[in-house]
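Each structure below appears as structure tokens.
Note that subunit A is present in both complexes that follow, paired respectively with subunit B and with subunit C.
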Partner chain A sequence: MTDKPVLTLKDLSIEFPTPKGVVEAVKALDLTINPGVRVGFIGESGSGKTTTALAVMRMLANPGRIAGGEIMLGDTDMRALDEEGIRKARLSRVAYIPQGAMNSLNPVMRIEDQLWDAITAHEGTTDPAELKRRSDEALSSVGLPDHVGRLYPHELSGGMKQRVCIALGVILTPELIIADEPTSALDVVTQRQVMHTLQEVQKKIGSGLILIGHDMGLMAQSVDELAVLKNGVLVEHGTVKQIIEAPKHPYTQDLISSVPLVGGDSFLDPSGKTPSNRAGAEPLMEFRDVTKRYGQVTAVHPMSFQLDGEVPKIISIVGQSGSGKSTMGSLMLGFNPPTEGQVLFEGQDISKMSAAQSLEFRKNVQAVFQDPYGCFNPFYRVDHALKFPFKQFGLAKSEAHTQQAMEEACDAVGLDPSLILRRYPHQLSGGQRQRLIVARALMLSPKLLIADEPVSMVDASLRATILKNIYDLKDRYGISILYITHDLATAYHVSDYVMVLYHGRVVEAGPPKEVIGDPHHPYTRLLIDSIPWPDLNRDWGTPEEADRAIHMLDTGQVGTESIFRGDVPGFSLKVA
Partner chain B sequence: MAEYSTDDNTAEATHKMTRAERRQARRMRRFDNPWNNPKLFWGAGLLLGIIALGILGRLFWDLELVFTGSGMLKLPPIGFENLRGQEGTLANPLGTDGAGRDILALIIIGAPNSLFVGLLASLIGMSAGIMLGFTAGFVGGRTDDVIRVLSDVMITIPPLLILVVFQASFGDVSLTMMALLIAGFVWQSPTRLIRAQVLSMRESGYVQMARLSGASTFHIMFKEMLPNLVPYLFGSFIANVTTSIVTAVGLEVLGLGPQRIPTLGRTIYEAINAGALIQNLWWWWGIPTILLAVMFIGLLLINLGLDEVSNPRLRKLS
Partner chain C sequence: MGRIPRSYLINRLITLLLTIWIAATLIWIIPRLSPVDPADIMLGRMAAGAGSVANADEMLAQLRASFGLDQPLIVQYFKYLGNILTFDFGLSTASFPTEVSSLIMRALPWTLGLMILSLIITFVIGNLLGALMVWEHSPKLAKVAIPAAMVFTSIPPILSGLLLMWIFAAKLQWFPLTGAYGLTVEPGWTWDFVQSVIWHGTLPAVSIVIVTFGFWALGMRGLMITVQGEDYVTLAKAKGLKNRYILYRYMIRNAILPQITAFALKIGLLIAGQVLVERIFAYNGMGKLLYDAILDQDFPVIQGISYVIILMTALSVFLVDLIYPFIDPRIKHEGS
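Moving on, here comes the complex of A and B:
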């Protein structure tokens, strides 16, 4: 590990000319990466981490340009290479594993053809048998069987596609691998598998690795050195141990403390007295033997529950992607009718409501969705999203009253109304938009709020703030909340009751201290073991253990029974 | 040579801008305001020129000259000589045709007529397309099947073939009637375009938000979805105007279409019929052809410009 560094960045500056002047995306960055070392680039979106990585490959999007500094890949000056030299260096010497592996594979080419393309583009025509041998080898190095090579991308799961991308990245044994948030679209269980794969392959070929991300926990478990970037400036660089245990820069400290942990201190401060905003005999939301099937696939197995809403509660529904948790959300919103059974709101079947009842139901059951970017109509100013429902539900007394309500709601979620209102959605950040959606829910003061992965697309540093806003809805404004998430650590803190879903079945349910603090079901345990902790002493487990656990669950050897871990008043759950 | 504003306190900020940089800055401004697009300006300018010709011509030129025998036969434009050795005169600055009709008066009436047929047909076709596209995308099921199959079948039928039969059986038609007939063949592509957009927008976050806000279907269609479709609709509309004019002119050149109203196509038809090509009466068929070319180039430029507006990827920055 003491030989020449594989990558040396000296005084690197990158700028983007825009109509409003030149934006310096990266300022005077100095960094060296030694062979066999994994370096994490961490920082929030816009901090320049991807820009730096792309500059190394000379793949900056127009009109970005390298304003100054040196990029040395081994002995090669990357800035001096011509078009053809760059083409040769890409993939064979420095490989890039993109963020959205789902979309980076050619949908009309077989996997092995894409791998062969990479070889022939760099080494010229190669013997087919040799190509086949090398592609099989690359696939097996990422733990995929040979027959995957004959498949098309759409026949693979997200995790498998990401592994194919890794195989593509390492097939020419590059000196440096750049992985740009390779697991951001994957759930925790798959994330752990993919990260293990990436680490193993990297160790085997002995290359340097740049891992770009914003999750301190994931970094702690997967890299050797950390480079913390903020607004294009490298604010801290050192070994993971140094940085996690003794962060010097306040921004690094923020990043570390923003990771919610299971157990540990809560980032919330409950007010103690939770107001109730309803009185009525009928339960607020009720599922009666609800089943949802899409063709042959059962998304939700028969279940019944009653949420009486007398005292507002936060019920968390956790599970991997495909576990049926979002389906439950859309059933409750009435976007999707159940295949069997009934969904009732205050004793009324929501599929059999009259127009007036339906409007009342809409007013009382609101939602916060995952994607803060899609939730605003790009044609209108953001006010539209707040103002329209307010008027639609007859809450607005006058124009001035609407304006006042909007400003109050913005204040309540910690946004400055004078900076936010009257803007267009694209002028706001993801975090600001998501808070605005929470403000919208607050203005309507519904009785029930369905929060479907409200923070998964928001920067890690903002997650705690937004969750606190959501928690306040319950705590201060008496709104019951169904929190749908794959993140057990946040569910642990905010919820009063947790349901763990696996393939549409409730496998474990009960108060969070029991279910997440001391899991009994093997699936819940698998989920919790898969969470990367920003704690170097905590083991992330081996890939073999994880594979075995998943296999046993899939084949039904363990965990076919639902485990109930105690009740909370006001919520009852029954599984058929 | 312009300079960077000096409040930009970077080291390079004060250096003089090179030509490339100024060009870059100009592109940037265009990127910022997509409607500020030279193609759009030029295209709109050409079309407005044709409309201006119609308006100014009606004010300043004697339109009675459009009738048969109002001037000498086969006079050339000013500055040219015809085969008989006659010079062009100020009374007929663009010459006259084989029946003594003034070419300038012909195009003053004819050019706006052709544009009018195109615009009207496209407008009717678009309206039908918007209604059908939204219905198909929103209602789905059987309705969607019917609309989709119908528009797919209609796309495969060559319109000129059917229109020739129609026109032949109608005899003389008015401009409006012809626009209506052509409209029957230009509603399919907007229908398909809007249907596809509606299907994808239906699942978008803001439409779901609108449903959560208790919005009616009408509100979702016309207040949430339609504004975002505007660039596509514009593009599709302009493409349809072009198709409609081509179809209309095609019919007129075949001698169909309105018999008593001067149109550019009809003038070309008469020129060909009277042997203008052999007699070297180029102004008779040439001037209407140039006007049609100007019209098409204008429409094409507008279409390219709108493409760049609605598709930011086409707006080149480098």
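Moving on, here comes the complex of A and C:
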């Protein structure tokens, strides 16, 4: 292996001309990447990390343009290539694994066809036997069996699709792989497996790797060097050890401290005088022997719980994708009836409510969902989303009253109402939108809030703020919350009680200090081991260990018993 | 994928039959709600022709009997249901006593030939042009010329038809003015006849194509804009695939899916034809038949044509339901 860099960026500047003037997305960036080295590009949305990567691919979206500087891929000046030259360099010399691998594969083509067309486009090979051999080899290098090639994308899980994208990335053994947040849509267990796969194949072909992301923990476990970007400027660059142990730039320090840890200081600051929102004999939310099946699959195994809600509580439901946690959320919201058993709100079976009761229930039980982009109608200004339910539920006394309520709600989540309310959704960041959704829920003074992965789609640096907003709903407004997440570190900090779900069963439950701080069930341990932390001395484990753990759980060799780790007043749980 | 499960097929067939039954019932009920009595109209027509009609009451009763109108409604209904199964729609009132089915059978092949051909041409041209409007590597000319050509879509077919006739038939005399085939050729599977049909069909077909391709082009343009932003198109570029290949296999292949459903719905409607186009070109198809039937208040013919339209729409939707899982692997036949 030579020491000649695979990528040299010299004084690279990228501009986006807009009607309001030219936006400099990347400013005078200098960076070299050596063969076999993994470099992390870290920074929040809009910091220029993806833009830089796309410039290397010569795939900048219009009207973006490279304003100056050099992009050298080995000895090739990428800026001097013609269109055909750029096409040939893509994938065969520099591969791009895009963000959002969920939709990165053509839905109407079989997986192997999408590997073959890449080979054919670059090498002209059309021999079916040769193509089949190459695609099988690529799939097995990322741990996927041959038959996956015959499937269509929708038949694969998120983790499998991401592996297919990695297989595609290495199929022509490029000099450089650019992976743009390859695991942001995956849960922690799958994330760890996919990152291991990526590292393994990258080592095997000896290419350079650029890993784009915003999670300092993941970077610490995955890369050799870190490049910290802010507003298009490279603010810090060094080995991951240098940067994590002695960050120089305040922004880097912020990024590191924004990662919530299990244990350590909480980012919350409880008021100490949590009000109660209600007094009543009936429990706020109750599951009576609830089971949910979809066809042959049992999403939720028989389960009973009672949340009395007299003193507000945050109950966390944690688990990977497919664990049944979101199904529980939709059962509680009444979007989905249970197959057996009853879901009751204040003693009323929610599937048997009258129209008036149902309306009252909708007001009292609010939701915050994962995707802050999909929750607003792009057609209206955001104040419409706040105003409409407020008036619909008959809470508005007058226009002035509505306005006041909106302003108070915005203040409560730390948004300036005069800057935010008259805007359209596309003019706000993901974090701002998610806080507005919390504000919207708050305006209706609900008794219960179902928060389903409320922070998994926002920048790491904003997660703490939004969780603080949600925590305040309990702490200052007396609202009980069911917090559904795959992120155990945040559950550790915000919740009063944690249930760990695996394949629709509660495997471990109790107060967070016990369940997450000192897990007893092998599945809870697996989840916690999978969390990437910005700690270089921590062993992130091997994929074999994870596979073995999952295998043992699935075959019932371990962990068949639910483990209860203690109670909190006002909540009781029983599983069959 | 694979074979169509039997339970799904039976399910779809039941839906198909139900749709046809409900629609057939509606087109039976609606004329009966109208105060117009077909026998009255015919008698009126005779009176207008001859000045007066002797023993009018007897004639009326006779006519009513020949349409079965003297029987109780429920009997009429079940007879009607039985009759439409054999495509027997009774007698035309305007061209009494010709059977409606023979009128339709005479007109249907002309319309099917003209319309299906022009629909297919329009579908291909419209979608391709719509795709080219969006594709970033389209020739510059295409981006200017296609939107300009869309102006034709806003011209009423009656006008563009007349324009075409005036230029190509009257002035240049390249094509005949009217008719479906020449007066001198004998209908049959002879080269002369086929040639004459093509020659006569060209202008009406072109007229239909230029006024309707915009529908497909605009729809396709919207779908292509969505597909263009999909992650799989970005990845296809990052894979270094050739532009044309990306256009066909990644973009158009996905964008065309909703258009295929629209195509199936159009097939049924086109049986009624471009009424005005057929009228202008004196093309003896279903459109002209329908037009004349409406003018003459010839209910049995209107009913028969409506039934054929319903049948064709229901059948083409049924077929799309069956083939869709083969063109979009994400859609499954229920029960498989």
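Everything that follows uses one rule, which is that the second predicted complex is superposed on the first by the 570 of 576 C-alpha atoms of A that agree within 3 Å, B and C clash if a C-alpha of one lies under 4 Å from a C-alpha of the other, contacts with A are read in each partner's own complex, and residues count from 1 in each chain.
Definition applied: a residue touches a chain if its C-beta (ideal position, glycine included) is under 8 Å from a C-beta of that chain, and two chains touch if they have at least 3 such contacts.
In this text, all values refer to a predicted model and were calculated from it rather than measured experimentally.
Trainee: Label the relationship between subunit B and subunit C on subunit A in the superposed model as either fit or clash.
Mentor: When both complexes are placed onto subunit A, subunit B and subunit C end up clashing with one another.
Trainee: Could you say whether A:17 touches subunit B, subunit C, both of them, or neither, answering first, second, both or neither?
Mentor: In the superposition, A:17 contacts subunit B only.
Trainee: Taking the superposition as given, does A:59 touch the first partner, subunit B, the second, subunit C, both, or neither?
Mentor: Second partner only, subunit C.
Trainee: Quick one: is A:117 in contact with subunit B, with subunit C, with both, or with neither? Answer first, second, both or neither.
Mentor: In the superposition, A:117 touches subunit C alone.
Trainee: Considering only the listed stretches 147-155, 183-191, 237-245 or 255-263 of subunit C, which one runs into subunit B in the superposition?
Mentor: In the superposed model, subunit C runs into subunit B at 147-155.
Trainee: Considering each complex separately, which residues of subunit A are in contact with subunit B in the first and with subunit C in the second?
Mentor: none
Trainee: For subunit B, which residues count as touching subunit A in their complex?
Mentor: 8, 10, 24-25, 28-29, 31-32, 204-206, 208-215, 224, 227-228, 317-318
Trainee: Under the definition above, what is the set of subunit C residues touching subunit A in their complex?
Mentor: Contacts found on subunit C: 230-232, 234-242, 245, 249-250, 253-254, 257, 327-330.
Trainee: For subunit A, which residues count as touching subunit B in their complex?
Mentor: 17-19, 21-22, 24, 62-63, 333, 335, 358-359, 362-363, 366-367, 369, 371, 373-380, 385, 388-389, 392-393, 437
Trainee: Could you list, by residue number, the parts of subunit A that touch subunit C in their complex?
Mentor: Against subunit C, the touching part of subunit A is residues 57, 59, 87-92, 95-96, 98-109, 117-118, 121-122, 152, 154, 165, 168.
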